[in-house]
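Remarks on the structure that follows.
Letters A, B, C, D and E name the chains as they come in the text, with residue numbers starting at 1 for each one.
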Amino acid sequence: MKRLSIRNLHVSLVAGIIAAMTMQTASVAAPQSATDTITIERSKILTQPGVFGVFTMFKLRPEWNKVPATERMDSAAEVAKLIEKHKDNVLVDLYLTRGLETNSDFFFRINAYDLAKAQTFMREFRSTTIGKNADVFDTLVGVTKPLNYITKAKSPELNAGLSAATYIGDAPRYVIVIPVKKNAEWWNLSFEQRLKEMETHTVPTLPYLVNVKRKLYHSTGLDDIDFITYFETNDLIAFNNLLISLASVPENKYHVRWGNPTTLGTILSPENVIKALSE
Amino acid sequence: MKRLSIRNLHVSLVAGIIAAMTMQTASVAAPQSATDTITIERSKILTQPGVFGVFTMFKLRPEWNKVPATERMDSAAEVAKLIEKHKDNVLVDLYLTRGLETNSDFFFRINAYDLAKAQTFMREFRSTTIGKNADVFDTLVGVTKPLNYITKAKSPELNAGLSAATYIGDAPRYVIVIPVKKNAEWWNLSFEQRLKEMETHTVPTLPYLVNVKRKLYHSTGLDDIDFITYFETNDLIAFNNLLISLASVPENKYHVRWGNPTTLGTILSPENVIKALSE
Amino acid sequence: MKRLSIRNLHVSLVAGIIAAMTMQTASVAAPQSATDTITIERSKILTQPGVFGVFTMFKLRPEWNKVPATERMDSAAEVAKLIEKHKDNVLVDLYLTRGLETNSDFFFRINAYDLAKAQTFMREFRSTTIGKNADVFDTLVGVTKPLNYITKAKSPELNAGLSAATYIGDAPRYVIVIPVKKNAEWWNLSFEQRLKEMETHTVPTLPYLVNVKRKLYHSTGLDDIDFITYFETNDLIAFNNLLISLASVPENKYHVRWGNPTTLGTILSPENVIKALSE
Amino acid sequence: MKRLSIRNLHVSLVAGIIAAMTMQTASVAAPQSATDTITIERSKILTQPGVFGVFTMFKLRPEWNKVPATERMDSAAEVAKLIEKHKDNVLVDLYLTRGLETNSDFFFRINAYDLAKAQTFMREFRSTTIGKNADVFDTLVGVTKPLNYITKAKSPELNAGLSAATYIGDAPRYVIVIPVKKNAEWWNLSFEQRLKEMETHTVPTLPYLVNVKRKLYHSTGLDDIDFITYFETNDLIAFNNLLISLASVPENKYHVRWGNPTTLGTILSPENVIKALSE
Amino acid sequence: MKRLSIRNLHVSLVAGIIAAMTMQTASVAAPQSATDTITIERSKILTQPGVFGVFTMFKLRPEWNKVPATERMDSAAEVAKLIEKHKDNVLVDLYLTRGLETNSDFFFRINAYDLAKAQTFMREFRSTTIGKNADVFDTLVGVTKPLNYITKAKSPELNAGLSAATYIGDAPRYVIVIPVKKNAEWWNLSFEQRLKEMETHTVPTLPYLVNVKRKLYHSTGLDDIDFITYFETNDLIAFNNLLISLASVPENKYHVRWGNPTTLGTILSPENVIKALSE
């Protein structure tokens, strides 16, 4: 009897292998590695697929207060120099969380075509004066990929809605990073079922695109989460309403982690982040 | 078949987008940012919507005991001076938890029309003598919003009950802060269902309004909770009975977090909080 | 349709408010605050309702070993003096856990008619030599209340059983503290259902009253638990059997926390606890 | 109606009390306390009921590396002397976990007829040079009791199987300690149901008794677990297969904790454990 | 009635014991211990059953920055010397995680025929300069075993697929370690059911074998997990797709732990790992 079931399995196995191989050929074609001579352009790297994102949250140790004031003040220049040194390898953003978060004072977002280069930058930061006086509280690693659900082909009306909406608010002063993990039930839904849930998820977000900018990194297997969702806004009440809307759709029932931690910070130049922490 | 279901989806999608956009126009109209010349008035800022609340719980490090006694004693004045400096930006309350809590010795409640200004105050506090000798144990961020469920229009009898009840006890000596997070099932209920549950939740609270003052901040998306509930009372047995009543209604079944931590402290002037910790 | 359901709700709302107000009038009548001239009598304060209990678990830091031996030895006298100073405000018990627990070396049980006075004692303890060298691992706050379920009126036979049973063992050498939290399902049961479950819970405890003394504090809203259960015994195998009996009734299915931590210690005079830790 | 149900309850209550009192008379008769003049014999204390077991896991602090080498080397003798001093009160075993565990470097198993004496030994260890440089990571407290399920009377075939099986491997080099906690559903099963599950649990263990030695301590109420399971083996692949067998029976569905932590170490004399950590 | 059920049990008990003993005879025959004169060959030890794997994740303490630069620089040679000393006992791999992980800077994978020898190596590493300045964050212990489900006999087509697939990418630059624990429901499935689920699990992995290398260690009872899954790849987007595929099969519903932590690092020689951390 067991033989039989194996034999029956045969057909679907072979079909499955072929299907999987085809899928994979397409999905691996992202521009992952031959990146040595690429210069980093902000507008390009922030919109392309196949780009790695490393978020690292830091908390200053009490010893930082005992570093001589002049040395602390020189930190902004030291970090600026490090960013300049790596500017052909990584795009560096820095945010201030002290006063709004428990476990971090500042955090990095590094974008890179080659993950090893992001690692090298973050490793070298650890040897700067401020890096030596800070503990890593959290690290999130992900990679950008082409749109999956709300594409022109699969969900034309909503795709049009997304394309039409543009951020029209003042320059965002706030950043929010929310890691997401979905449960086994979600991943075992058929693609059609997940598409339907993501459409229901997307509808209430449309009106907020005028107030909130969004970006998505995929993390399954690279980290203990499935997605890193990144937001910028100048209107935190709109953002609060957006997140209530996202809580109120069935897709939310598939979350095993949504936040934990949510990180809320302010958007400043790297220099000003370090200066604010050096006073 | 998939085409068809997408097409069927079309009508509800468009309707949904319109509905969502309408909703959002109303809800974002809170007075969030143009606040530069506003002076902070306690009675106003504590009753208006669109006000940010930042709660920060601190625990003194053992090193605090080694700070020279005179320097410790000067801390109350140093903090008072900082509060004075920021008095046009933030309203500062300070509470004593040492002796009643494990993870904190004191905590701040900052109210501000502009969240960035609350952040600046809390960041500068970290550079005071006592701030340098304390670790942040918890930070809660929320914003006040207009009443949602028990309004004059939606629940007139209960709204009248709420309006009629007034605190008549002695000046409260105790403060309790309880963060709240509700699950996906709650947020996926219809508004009518949630209104019904909140009415059932509100009824048993009415008799306690003579003994307990309450205030609510909304946190979804700004923090890993949905609400910060803040209480003042002079009658902790009444408060215990109130919370048992709130535990005994169906709405409690939707909580994924209710407390954890509950913070219980005493209400003192900022000067007296710091002095109590400097002895 | 909604109007209608609200209108239907009206009658029960008003009834509910009246019922709740009546209940509350009775339950708040405990002797909470006017306590300034009360002297603390052990036999009274340990049997009255309306008494606050503060349990604080402490763990010595490694630095304690570096405090000069004479200073360590003087600690017992210093703590005795502090207890004497506060003897009209709080009843102080101290227990030794070093060797039996991971996260504490000793713990306090403070009983007080006024919670703020318990806070003041615990705050001043933190400034003693041993207090400065110890970290708080846990704090539990509760208040005693009149019997709720197994009263003469509601459960006469069991109440008689409880009254008849007396501790007849040797003086207890061991103390066990077990915090308890029940889930929303429990609190949403009717009083009759909870009474029935508490009767089933009480029956198997009766034979152990000869070996185990018990005391209960209520914590809902004052802390992240519902109850602090406190036990003294000289027969730990009887205690183990008692707790297996309590695990084996349906009421146990409503626990979300039962222990975590369970604290097991030995009963000694405050002086001997401090001396044991000073050697 | 309520009166009636109480009245109906009456009969079963009285029966329950009598039954419980009878049970308790039997179970408390273990030789718990009058132990002052008993000498500890390894072969006896490790097989008797009514013996307390205290497991304490320790992790060396980084400061241990700064203790002068000669002082570190003297530690083995200092601990040996302490063991000798207490040899009439406790049986001391010591195991090496450094290199195999994250949170401990070594652990004690103390067997004692009187728990307070185990506490005294562990407290005095904390004042030795190595004890002062180590943090307690975990403490497990339990007590041995007579066989409950697989007895000659209740499960004769399996009892015979257990009696017939003997360890025939080389002297065990490895120790494994696995704490166990069962859920409320388990404890609410009837004794017959639990007996049936324990029989199903026991069957697959029989073949491994030639490779694995086992010992059980009961912890309900003394600690936040129900059992401490202790194993010795020289064949870790057999042990892995045994634990897979135990995972594969229905009784495993009632575990709320099984391990967490599992502690794996090597069996050495106390002297050699301390020496290995002093190099 | 109970007697009867026991008697009925008798037959299956005896059958079970015999079956279990037979099984065990086979499975324990792995070459576990008589290993004193075996030289370690990388290609052999990494493919044989009965080999223990110890993964140890380390995080440098802040004090590492204060070790004199020359001493830090000598660390690579010191570790190389230690590896050389133990080369007949253990195979040592070292990976760099600083910059990509929160809780570790580097980790070891030790392969050994005798677990005690892996322990000795790891213990001696703790006495090197870098070992003394690092904390263990995690330790995973497992053992290799023969294929269980997708064998030539039990699942011939899939086994052929596995055998045919070969890694054809560039030399892997990245390593990922993911611990796995399955729930009681999984282990209570029949072997046939588990085989079926593992076949469904294996199908989507086949296309990725050209990009991703895999290795499996079994941990039940040796650690608080069931498996250690180890991956090497040079294509992290393919790896992300592979893990999404594995999340999307029913077997994922039986995971109680999958990752937590996932560890992502880069593959370098031991010397280069230590050097990168010594700069």
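As a working rule, a contact is a pair of C-beta atoms (placed from the backbone, for glycine too) under 8 Å apart; a residue touches a chain by one contact, two chains touch by 3 or more.
Remember, predicted model here, so these are calculated numbers, not experimental data.
Asks: Taking each chain's centre as the mean position of its Cα atoms, how many Å separate chain A from chain C?
Replies: Averaging C-alpha atoms per chain gives centres 46 Å apart.
Asks: Quick one: chain B and chain C, Cα centre-to-centre, how many Å?
Replies: 29
Asks: Which positions in chain A touch two or more other chains at once?
Replies: Within chain A, no residue touches at least two other chains.
Asks: May I ask you to sort the chain touch graph into line, ring, star, complete or other?
Replies: The chain contacts form a single closed ring, each chain touching exactly two others.
Asks: Can you give me the ring order of the chains, beginning with chain D and going next to chain E?
Replies: D, E, A, B, C
Asks: Note which residues of chain C are touching chain B in the complex, please.
Replies: 2, 5-6, 9-10, 13-14, 16-17, 20-21, 23-24, 27-28, 30, 32-33, 50, 52, 54, 56, 61, 63, 115-116, 118-124, 126-127, 132-133, 135-139, 141, 143, 145, 184-185, 187-188, 218-224, 226
Asks: In their shared complex, at which residues does chain D touch chain E?
Replies: Checking each residue of chain D against chain E gives 62, 65, 96, 98-102, 155-158, 161, 173-174, 176, 178, 192, 196, 199, 203-204, 206-208, 211, 234-245, 247-250, 252-253, 255, 259-262, 264, 266, 276, 279.
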